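Each chain carries a letter (A, B, C and D) given by its place in the written order, and its residues are counted from 1.
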Amino acid sequence: MDFSLSPRAADLCERVASFIDTEIVPVEQEYEDSLAEARVAGQQWRPLPLLHALQAAAREQGLWNLFLPSGCEEALGSRYLPRGGAGLSNTDYAPIAEQTGRSFLAPMVFNCNAPDSGNMEVLIKYGSARQRGEWLDPLLDGRIRSAFAMTEPAVASSDATTLETTATVAGDQVTVNGRKWWSTGVGHPDCEILLVMALTDPQAPRHARHSMVLVPRSTAGVRVERMLPTMGIYDEPGGHGEISFTDVRVPLTNVIAGPGQAFAIAQGRLGPGRVHHCMRLIGLAERALELGCRRALSRSAFGKPLADLGGNRERIAEARMSIDQARLLVLHAAWLLDTRGPGAAVAEVSQIKAVVPKMAQQVIDMAIQLHGGAGLSDDFPLAAAWTHARALRLADGPDEVHSGVVASHELGKYRPKRGTADE
Amino acid sequence: MDFSLSPRAADLCERVASFIDTEIVPVEQEYEDSLAEARVAGQQWRPLPLLHALQAAAREQGLWNLFLPSGCEEALGSRYLPRGGAGLSNTDYAPIAEQTGRSFLAPMVFNCNAPDSGNMEVLIKYGSARQRGEWLDPLLDGRIRSAFAMTEPAVASSDATTLETTATVAGDQVTVNGRKWWSTGVGHPDCEILLVMALTDPQAPRHARHSMVLVPRSTAGVRVERMLPTMGIYDEPGGHGEISFTDVRVPLTNVIAGPGQAFAIAQGRLGPGRVHHCMRLIGLAERALELGCRRALSRSAFGKPLADLGGNRERIAEARMSIDQARLLVLHAAWLLDTRGPGAAVAEVSQIKAVVPKMAQQVIDMAIQLHGGAGLSDDFPLAAAWTHARALRLADGPDEVHSGVVASHELGKYRPKRGTADE
Amino acid sequence: MDFSLSPRAADLCERVASFIDTEIVPVEQEYEDSLAEARVAGQQWRPLPLLHALQAAAREQGLWNLFLPSGCEEALGSRYLPRGGAGLSNTDYAPIAEQTGRSFLAPMVFNCNAPDSGNMEVLIKYGSARQRGEWLDPLLDGRIRSAFAMTEPAVASSDATTLETTATVAGDQVTVNGRKWWSTGVGHPDCEILLVMALTDPQAPRHARHSMVLVPRSTAGVRVERMLPTMGIYDEPGGHGEISFTDVRVPLTNVIAGPGQAFAIAQGRLGPGRVHHCMRLIGLAERALELGCRRALSRSAFGKPLADLGGNRERIAEARMSIDQARLLVLHAAWLLDTRGPGAAVAEVSQIKAVVPKMAQQVIDMAIQLHGGAGLSDDFPLAAAWTHARALRLADGPDEVHSGVVASHELGKYRPKRGTADE
Amino acid sequence: MDFSLSPRAADLCERVASFIDTEIVPVEQEYEDSLAEARVAGQQWRPLPLLHALQAAAREQGLWNLFLPSGCEEALGSRYLPRGGAGLSNTDYAPIAEQTGRSFLAPMVFNCNAPDSGNMEVLIKYGSARQRGEWLDPLLDGRIRSAFAMTEPAVASSDATTLETTATVAGDQVTVNGRKWWSTGVGHPDCEILLVMALTDPQAPRHARHSMVLVPRSTAGVRVERMLPTMGIYDEPGGHGEISFTDVRVPLTNVIAGPGQAFAIAQGRLGPGRVHHCMRLIGLAERALELGCRRALSRSAFGKPLADLGGNRERIAEARMSIDQARLLVLHAAWLLDTRGPGAAVAEVSQIKAVVPKMAQQVIDMAIQLHGGAGLSDDFPLAAAWTHARALRLADGPDEVHSGVVASHELGKYRPKRGTADE
């Protein structure tokens, strides 16, 4: 057993951390202020120039597309090499993802943000040469952005078999009709391509009914109905949109891996994606704990620093212990993904998704409490952090669904073995 | 022991509830939509006409200023009678306050919203005839609004002895200098008067140093620096503001009850105010639970209504049990305020403040989870409800401070009696 | 609304409290030591003389059988009056039950202990004149003891329809066969009568299949197989037994209220019984909190009293707040039982059963923690208190079942009304 | 990063697990029954022959003294090799310790039980040749047992600087006076040697005042006053004793590493000891979860297996997630002990001690609840397991103290660096 990072990962992790500390954190408030001004002017749905400068610097330093999984360079050939990627395993990338979670700006700066990273992985694993050429290359360059349109307002989308948006195949065309929401990133002016999960064949077996369709944002019939706030926070410029699809026609070649493959694709996308989400949340929780500790030491009431009042120390200890446990759980799941493959790590990946957002929410809540009213305002990144963690208790499957997967797996150990799966 | 409402309270409570159900809840979404439009137009800091119509109807039906405590009619004389008030005890008003908590619009509609209600109580109990004439009358009519400026950004304001804003007395003038924030209601265009708690005599005994000064909003040197979001929510049109006071001069007659009386005034304001806050939160938690139950019954996943999945029923039961316990605790505290007076109910009032916001936050969080992504958006009043409950874990003293009061009181029962108080 | 005790209840409550403080608490340790000696000698399953002396004193002071519900004196006629009872409502008796919960000895001293009190109530409400004469009179005198045999080792007895012990009627005889356990009190040498719930007619409607049979302990075929420990604690001399019934024959007249009535009887027994259990647990939690506070003030570590270390104050406050909330919930349920009857208070009675034992367990756990190792030993009544509270999370229906009742009731408010009950 | 076991550890771990499954678990109930019989006969404080047979088998299979840390073979020379030990690092031994925690009998069977293992480590690291010869050899053989006498009834022993028992040096003699309790193992007839921590020089610096004295159990003046129950459970035949020392004289050569070294010795003993305790608790929690799952699948109520009722699945998932997180935390702490040494792992070792017993208590509590009344009885190892986990929230430092260490360490990261330690 060895808990140390590989030299490669350690080096990259340190460089990423250092870039965040020296280049990103110091400009966060400036960025926030510019965004606030843009809001007043109704210009908040476009990226701030600051971001592009940071991206250029990151790319120049080789801190670009680090999420790209080991193996993909060979798969993609030499033309992708200059676009970054370090051939990292999930285990090696995880600590880097944690670092990027410390600042809300960082994932975008390193081109490692959801949903683009997951969408790129899908195109690498399942995309045709044409699909890759058209959308993967500019995504790898950060020239365009993408969205993943799965969740629907009308159904409990955590049970993805209930999705109602249709992708009807007729000849060499696919027609999409329906409504999606919480499509992250769709507010960004560079968002050019949507991955839409939709029902193609209601008669097929449960997990072969849906297709994953590449729908250019500009196709006729695609309409962003509104951008959705999370507790009043819009996460501009990407945001989260509600989108209607009305007789949206794209060529059949836009269906990734062919009709009926959406579940297989989504499953392949989810394992590493959840590791990334969870590690970023751990970074966020670390940031909150740091802010909380600093506040606890620097503010006083009733003649003592907050750190010495009531149960504050116990809460700080509790935060440290829950973060450390959660991190180890995610790293272990990443290692299982690497060593045994996604199929053998389903329960462990559900574990991290059930554990980490709740943990992060609690740690951040504690840090907010230590900040008093300031913690609720936008003077600190805590309110946005809390909102983000809260949203991730629902996004990508609510806690309860993942908890159910873990329980089924656990009970399965003691059931008489039969051919059928639990529930 | 008798848990039934007095006939008077029961009648008013039912009429208030019925007004909310038939007049307010049905227009909530319309109100929200109008507010959203106003935001786009930069017009969100003014009241919507809808509200005035509702206020007029409520006043006509005698559902106006019901918060006014028993005894105040006599104190104020007949001219206040037509302005409502029913001479209710804290115990009798509490269930009405619960009802008004079910809709974010209701407290304003019935002229029972914080901080106006508390400020009116202060003027009734401590105000001079002139102060009452100038500000109490229009407040009772709902013609103007007020703010309470106590919390400061620079100090841990839960320890109010640390407040740094100064109110310097010179001759028959008072000069206020400093900075306050989280002054609720100050964004409202009708907000004409601020009650400012400020330091007058640093040499006086700890609780006689501060004065409560009536500062008209239009006085030179008063500047609302910005409005503060709570997790991105601004609570327009009243909102919460950060205010700077620069050499703000008002006559000495604007000091309520004379210099050095701010603590005495604040204490008298707090008992009933906390009962009101807590009962409204209980109403809010009831609303959230109702929404949660309805969603749990109407949405299905994995072939069952959410109500029949996982631990949802246990969480619903937990919510019911924690709401009912919290309500009884608040009612009991209100009864102690009525029967023994504020001095004998300090620990019990701190209990409710420590218990209820946390309880409400949890119940609302559960209801959000049952709603999936919709719960985080503004399609339901849950996101705003959550934010409000979260803020009240800090506003008016953070949980930890109230918890400390309860503990000191509890331990005090077993200490050798001495002359000195516990901490 | 009025939270004050009736003068009658207040007087009795104070006298009971005073009796416990002056007569019982001071001899607890002596009692424990004698019991420990008796254990070494194998004599622990007989009452200690100390108890009889206390009982005599309590009876002489009119503090005897106070649990007897209002109405029962008239029902029973004058011969029961000298045996005590004060005609108290559930609401009035509840605070007295709380007092008796403070000491493990008290319920027995006042002849108000489970299961005797519940069994007496059953005989009063449902017993025939012969049944009352034979068993109620000596129970009221404390001359004999009784047990309630419902739970079975072989089935999940919280679903009482699954009970398998049979009570077969043939002619004017009933034959009982089966196995019960956790029959409290059966270890006591004075335990002469068992109320056995058993299956008579498997073809009858679900809730009319079982009968409640009075089985004298000395009947042939009744065998106490063993006494059961709870975490190693046996609660001698009454204890909790596992009993086998092998062809146990009693006359048909021993069936209370006739065959098939067991569910009706059990339901009638449960409402007040749960109020009693819960109020005693509240008394127990109060005792634990008192011990915890005293320890927190008298022990020091790291240079400070425990009360001033870490989160101890917050935990003490938490205990106070959860006790007070739980007490109010139980009092309210008692009041509903009195004013609306058991049928209208089912959900509220389930609430208290789900809330109070868990609350008591937590408060006692906290007090144990403050005592260090001493809290786990038998030097303080805390270990036994903890064990008792833990057991009550299962006895008389596990938390989860009561929680389910509360949830069904809550969801039922929002279901389309139909003729059928939830689940 | 690599979460796999070394081949050596994997092999031993599997063999230990297999021995427990095939040799120990099947005889647990027989052992319990024999012990129960022995209790009736007053013979419970002697080991049952069953145990000796198991020990012989374990030793024969090379599963003996596996706790012995890497490095100690060289230190001790070849004569210790046949007495077992496999030169395992903390990281490698940890999973074996987990296995031994699954059965209360196993640690004794493998001669890896507390406090003997810790005492042997002390003698290896700090003992003189004479001390080793006299006590270490027979301990390694399992011919004698030992106790560790540190905790005192009169002081909050978690602050070990307050210990009051004295070890007065005069000439070449040491005289011990005082009272200790919770000395585990002292009830065993083979317990021949006590390690007593006592005050030698009150004027010395805080952590140099106490000595660790080897006191043979048979020395005049040593008296086991009583054996202490934990919630009624005595853990015979070793148990936990209260011991008085009255003018107990031993030669100065019995002081380990010389007077004043007790703190240094205790610290060196604690790191690995806490890892062992925690890993055993994780094994215990695993056992409880397994029992809980089996019960949840095999028992039905209301027409469904318990596994499908209410929140049971979520609780099972919660247990799995908290066990897995806790295990990883302990393994990581073990790895830090191995790679950085105890001095650099203080906070991490405190973390595991604060996290694991609480986690185990909760998991076991959940499993008990699934078992109904049976879970509280001695029909399952759950009641004893719960009691053991509960006791470990106090033994070896209460949760709160460890939590405080973690918080100090965390806050220390953000303090201005000074020469002095936090508090």
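Rule of thumb we're sticking to: contacts are C-beta pairs under 8 Å (C-beta built on N, C-alpha and C of every residue); 3 or more make two chains touch, one makes a residue touch a chain.
Given the structure is predicted, the values throughout are model-derived calculations rather than measurements.
Undergrad: If I superpose subunit C onto subunit D using their CA atoms, what angle of rotation comes out, to the nearest 5 degrees?
TA: 180
Undergrad: Among the chains, which is located farthest from subunit C on the basis of C-alpha centroids?
TA: A
Undergrad: Using Cα averages as centroids, what's the distance between subunit C and subunit D in whole Å?
TA: Inter-chain centre distance comes to 38 Å.
Undergrad: In whole angstrom, how far does the Cα centroid of subunit A sit from the Cα centroid of subunit C?
TA: Each chain's C-alpha centroid was found; their separation is 53 Å.
Undergrad: Between subunit A and subunit D, what is the gap in Å from one C-alpha centre to the other?
TA: 43
Undergrad: By the touch rule stated above, which residues of subunit C touch at least two different other chains?
TA: Expected reply: 310-311, 313-314, 400, 403-404.
Undergrad: What does subunit A use to touch subunit C in their complex?
TA: 310-311, 313-315
Undergrad: For the complex, which residues does subunit A have touching subunit D?
TA: Residues 1-6, 91-92, 289-290, 293-294, 296-297, 307, 313-314, 316-318, 320-321, 324-326, 328-329, 331-332, 335, 339, 348, 351, 354-355, 400, 403-404, 406-408, 410-411, 413-415.
Undergrad: Along subunit D, where are the residues that touch subunit C in the complex?
TA: It comes out as residues 40, 42, 151, 153, 156-159, 162, 181-182, 228-234, 299-302, 306, 309-312, 368-369, 372-378, 383-384, 386-387, 390-391, 393-395, 398-401, 403-404, 423.
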